[in-house]
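Step one of this worksheet: look at the structure below.
Labels run A, B, C, D and E following the written order; every chain starts at residue 1.
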Amino acid sequence: MSLEVDITHPLAGFDLRVAFEAPGGVTALFGRSGAGKTTVINAIAGLLRPQAGRILLSGVPLFDAKARVNLPVHRRRLGYVFQDGRLFPHLSVRQNLTYGCRFAPRGEPGPGLDEVADLLGLGPLLDRRPGALSGGEKQRVAFGRALLARPGMLLMDEPLAALDAARKEEILPYLERLRDQSGLPILYVSHSVAEVARLATTVVVLEAGRVVRAGPAEQVLSDPAMVRQFGLREAGAVLPAHIARHHADGLTELAVSGGRLFLPEMDQPPGTRTRVRILAHDVIVADRAPEGLSALNILPGEVVALREGQGPGVVVQIRCGGDLLLARVTRRSAEALALAPGRRVYAVIKTVSIARTDVGAG
Amino acid sequence: GTTTVFAAASLKTAMDDLAAAYKAQTGNDILASFAGSSSLARQIQQGAPAQIFISANPGWMDTLEGDGLLAESSRTDLLLNSIVLIAGPGAAADLSVAISPDLDLAGTLADGRLAMALVDAVPAGIYGKAALSSLGLWDSVAGKVAQADNVRAALRLVGAGEAPLGIVYATDAAADDQVRVLDTFPADSHPAIIYPAAILKDGDGEETRAAFTFLTSEASREIFRRHGFGIAGE
Amino acid sequence: MADWLGPEEWQAVALSLKVSLWAIVLSLPFGILTAYALARWSFPGKQVLNGIVHLPLILPPVVTGYLLLLTFGRRGPVGGLLDDWFGLVFAFRWTGAALAAAIMAFPLVVRAIRLAIEAVDPRLEQAAATLGAPRLWVFATVTLPLILPGVIAGAILGFAKAMGEFGATITFVSNIPGQTQTLPSAIYTFLQVPGGDASALRLVAVSVAVAMAALTVSEVLARRAAKRVSGA
Amino acid sequence: MADWLGPEEWQAVALSLKVSLWAIVLSLPFGILTAYALARWSFPGKQVLNGIVHLPLILPPVVTGYLLLLTFGRRGPVGGLLDDWFGLVFAFRWTGAALAAAIMAFPLVVRAIRLAIEAVDPRLEQAAATLGAPRLWVFATVTLPLILPGVIAGAILGFAKAMGEFGATITFVSNIPGQTQTLPSAIYTFLQVPGGDASALRLVAVSVAVAMAALTVSEVLARRAAKRVSGA
Amino acid sequence: MSLEVDITHPLAGFDLRVAFEAPGGVTALFGRSGAGKTTVINAIAGLLRPQAGRILLSGVPLFDAKARVNLPVHRRRLGYVFQDGRLFPHLSVRQNLTYGCRFAPRGEPGPGLDEVADLLGLGPLLDRRPGALSGGEKQRVAFGRALLARPGMLLMDEPLAALDAARKEEILPYLERLRDQSGLPILYVSHSVAEVARLATTVVVLEAGRVVRAGPAEQVLSDPAMVRQFGLREAGAVLPAHIARHHADGLTELAVSGGRLFLPEMDQPPGTRTRVRILAHDVIVADRAPEGLSALNILPGEVVALREGQGPGVVVQIRCGGDLLLARVTRRSAEALALAPGRRVYAVIKTVSIARTDVGAG
């Protein structure tokens, strides 16, 4: 399952020209408000006919301007979770949820109504109409509806934007399972770097209708050049890791190329490959091995590069084993520690700051 | 059996009585469809399931005859009518006029209207215009004529007092107590007001003939007379 | 009340009801199709279709009736064919009255439904399509329920119009008691004769009562349909 | 084309246009108000108002015309008052023809506008209110522009109806060439006499041409208004 | 300016009974999806007539069921930024923005169209219609529209949910200035604890239609009992502070009761009172004064209490000066450091982790 998009679509005052590939798993479309994310998804879903180009799903053209192919929307079988909900106002929540079931390919595996209603906390609302739902409830119904149609691919446009943290925490693991177990490819639009980092295998960054960066999530998210896109607070590195073992006190030990990391207990068995995201501002740099600290994760490494920002901060790139970590320190600290390329340092990472949200199976 | 008669709308009450008498006499039905003579004639042209046509307008009967739709030599002039000048609550209660070429009809109307049926289209209007013209009165009142789409509507304009005077059939005026007849137009001031009747070629048959004979029988004439009509040939 | 109206008058009431109901049954499906085409599709001759739909409103009813007579009469081009092929005769039958009423009501039906269709958010239909529903299914399960208040409004307008239709009907199918004499024709007939006003008034009262009852029912139905949509 | 129609016929064309335009000008404001009341307010007697609005559709035109005559005639209760107070006379004047046409068109105008109003999302009006706009201003700046396609549809339906209206008009104001002889009256006159079909047909053609032109213009206007709303 | 709400409004399947006070400044309404936030705001705006109770603004009743007062919506002068946008589709962006200007009280100070368009990045969109805007663009117009009507109070229902981090970073400081300079009271619904912590002076927590906690933001946000509401990652303490001085290397020194904190440069002059939020998972605990670390902020303190969670983590409450800090450490570290009430420790906080978003003027 892979999606290939290469389209051109000029609008008054906005010119869309994007080409990218989504090789399966979760592909995050990332970009500022007005960058063209919804427009791209609309084109893939068939709601917008691009002026030129083509869109292939697993090699099959959904749209090809040259070959005059333009598969009708309902034959594309793409589950679209709209940014603006679009629930059927005259149908109950239950009828909304099951609307697509009739057209789902027979025998296709997938969750049932009860399972979805449970996951999304819609049980007590099944007999209401959308007019009597809160904003977040609507968003959940829209998600469930797309899911129950057993689509060949999910297109999700900010599906969790109106949800509270607790509800997100319930849905995100479900999305991870979808990604890992069902192999359902997902195109995911979100402004939350944490969500993207957690879910995405591929990240495509849009800016004013152009793709400015696309690639595996680890690379794009760790790219210091992308700091502006993601915001300073979200800059960080994503490291491949595998689970070494589970400790009795509820910690899981992960092996990364530069050493060991301790983490709140994970579900997967030892040996599972995973990814760990370490935000630059969660890393403390020390010039000697620190002692008597609550932080359990201390990786030795070597400064590779220093990059000064506009503020009083400096981004330090540290090689720990085969991977690159990013750390944000003040210029004052950089001077105090005499940080310079080649200097041997220790990266101190609080265990608990590698939160559940920032870990995803690779 | 049932005989369908297409009859001018103004014959409704008379025809109802006739149908009852026919039923009593023969046990058969006369079913009458009332509409404007023009509508009925056109329908007959288009093959309406009618056996007998009684028109208020000889012109339409002529047309059907020309089209060869009438049964051979069945056409007969059935009824006569006359037109009268009437006054209603819109006119002075003591108004009395006599129709003559000297009548100052325009002056009598003042700024009121003279209600008539359409003077170029509906028989009562056509006869009225002819009569006024031959009396030399038409030109003076032409601009004051309010033309209704049928004679009953003209009668109603007078009855409601909207028009002080009107010209309608004697049969209509007689039955309406809102209006009073001022005078009857002389028979020679307009073409004879004749209701021709005929059997339609497509509907010809023994029973139709029987019904037609009944319509022209003395018993029927009595009923027509009761409703104010004159009998042609009398 | 049974003896308040004579048997012929009851016949006229029954016939008018039958004719009006059939007129609506006849014009609703075509009305919905036409309204949809006018609202959503673009095709050559769209303006012409739109014009034809409005014709019965523009033409004096007598003219419409006459045109119907010329077209659907036994000797008319379409009337003859329908008779030969399907044994379907309109001329001088109650079916013709229903046809006339349907045609006279058609512009009203189409306009109401078209306005309703134009008010439907096409993004909801798109959403249904993304869920795998083919066009016709989308129409039946999304568009149609959403335009229901408009369809009801169109139906009731059409019904009222059909109950009151006179000019085209009497011109097309004449005024034969028990066969083509509808309420308005009967009223007309009474109005044509001296002393008929009282009888006419009685029939007018019946006509108004029937139409008001239909109107009230339609309002209730439409409100219910609208409530479903507003979703509260 | 000038000598294709006689001067009297040209008069009828001009008069019909004047009458139809005034009928619309007359019925639109009342139509909007009535439609708004029926769509948005609830008050005692709402169903009665709704019924009265539909009456001209249900009643045979002749009856409507006669009722108008009794009410707005010189001797009618309202007609007399209007004459005394404003010098406004309807009987036998083109104003009466316009009034008759307006009243016959009223149910169509109201329905179209009402459907449009019911389709307006009240949450937009709420939003306007939170910005400080009083009700009337909200109506003028939010509701009215949003229902514009419906208002146009109502106006064109009404115009078409007014162009075709015959029965009520001739009953109310009769047929006075140059004053109240509208196109349909003229057409009717021709149809009554044997051999008048050709002349009637000419007038029908004129009537259809005028109405089609109006229809096309209205479609363009309505599409423009709808486009504004869809916002693309 | 203070808002008093005390209303009851039963709906089928949902029963709203809330009473709270918003004493001016920014009051955050916080709660899970479906908790009743929008319903409360609708009642205040006058879009929903509560069954019983009253709503007073500066002592003036907007609604009082007993006294039969129910001010019409347009006379309440509350600028409502709707969760669902509600732009006027037939008006251009410019006309949408200026819709309320006509009714703004004359002479009322406030930003002009240009200023708002600039702030919200709407300049190039002024002549478009809302139908041709992206989700985030719509949200910005809705915000600008409410602002330009010069309302007596702002009601904002998730106004930034559809916006990217960068755009948020532009708008949040503006909201802070609104709060601090114009004194415009704001009722603010958001699912983002970071936003709430930054903006709110008062926090009201709703759950299933009831107020479960209300009070000054410092207290509510630092309350360990509220961890479930805000999510584990967002637990932390809010400390009052004042600006001590600005350093030449771009750092600002803040004085808190327990010592000094260094922060990226702030705008305000020395002496300004402010608030600092320190997330529990950003605090490292040490048993001796650490040396050779890039972290500049080290506050000595004393363990007050330990609270074990469900996971492998322990929340440690530390008194630093007169304030309480929260730190999340693993159980393993707690044992290694022998943490217990009374134990003297050092709280290590990375300078840069006290991010701009987490500071707000008190």
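Methods note: a contact is a pair of C-beta atoms (placed from the backbone, for glycine too) under 8 Å apart; a residue touches a chain by one contact, two chains touch by 3 or more.
Since we're looking at a predicted model, the values are computed, not measured.
Steps from subunit B to subunit E, taking the shortest chain of touch contacts, total 2.
Common neighbours of subunit D and subunit E under the contact definition above are absent. The mean-CA centres of subunit B and subunit D are about 35 angstrom from one another, to the nearest whole unit.
Averaged C-alpha coordinates put the centre of subunit A at 60 Å from the centre of subunit D.
Note on chain placement: the centre of subunit A and the centre of subunit B lie 91 Å apart, centres being C-alpha means. Subunit E has residues 84, 132 in contact with two or more other chains. Across the assembly, subunit D contributes residues 62, 166-167, 188, 191 that each touch 2 or more other chains. In subunit B, no residue touches at least two other chains. Under the touch rule stated earlier, the contacting chain pairs are A-C, A-E, B-C, B-D, C-D, D-E.
Residues 123-124, 126-135, 138, 141-142, 145-146, 228-232 of subunit D are the ones touching subunit E in the complex. Interface of subunit E with subunit D (complex): residues 45-47, 72-74, 76-80, 82, 84, 86-91, 99-100, 102-104, 129-132, 145-146, 149, 151. Touching subunit D in their complex are the following residues of subunit B: 36, 38, 41, 59-60, 62-63, 89-90, 113, 115, 118, 120-122, 145-149, 153-154, 156-157, 160-162.
Taken together, the subunit D residues at the contact with subunit B in this complex read 62, 66, 69-70, 73-75, 91-92, 166-167, 170-171, 173-176, 185, 188-196.
Contact residues on subunit B toward subunit C in their complex (touch as defined above): 4, 6, 9-10, 12-13, 31-35, 39-40, 42-43, 46-50, 150, 152, 171-172, 174-176.
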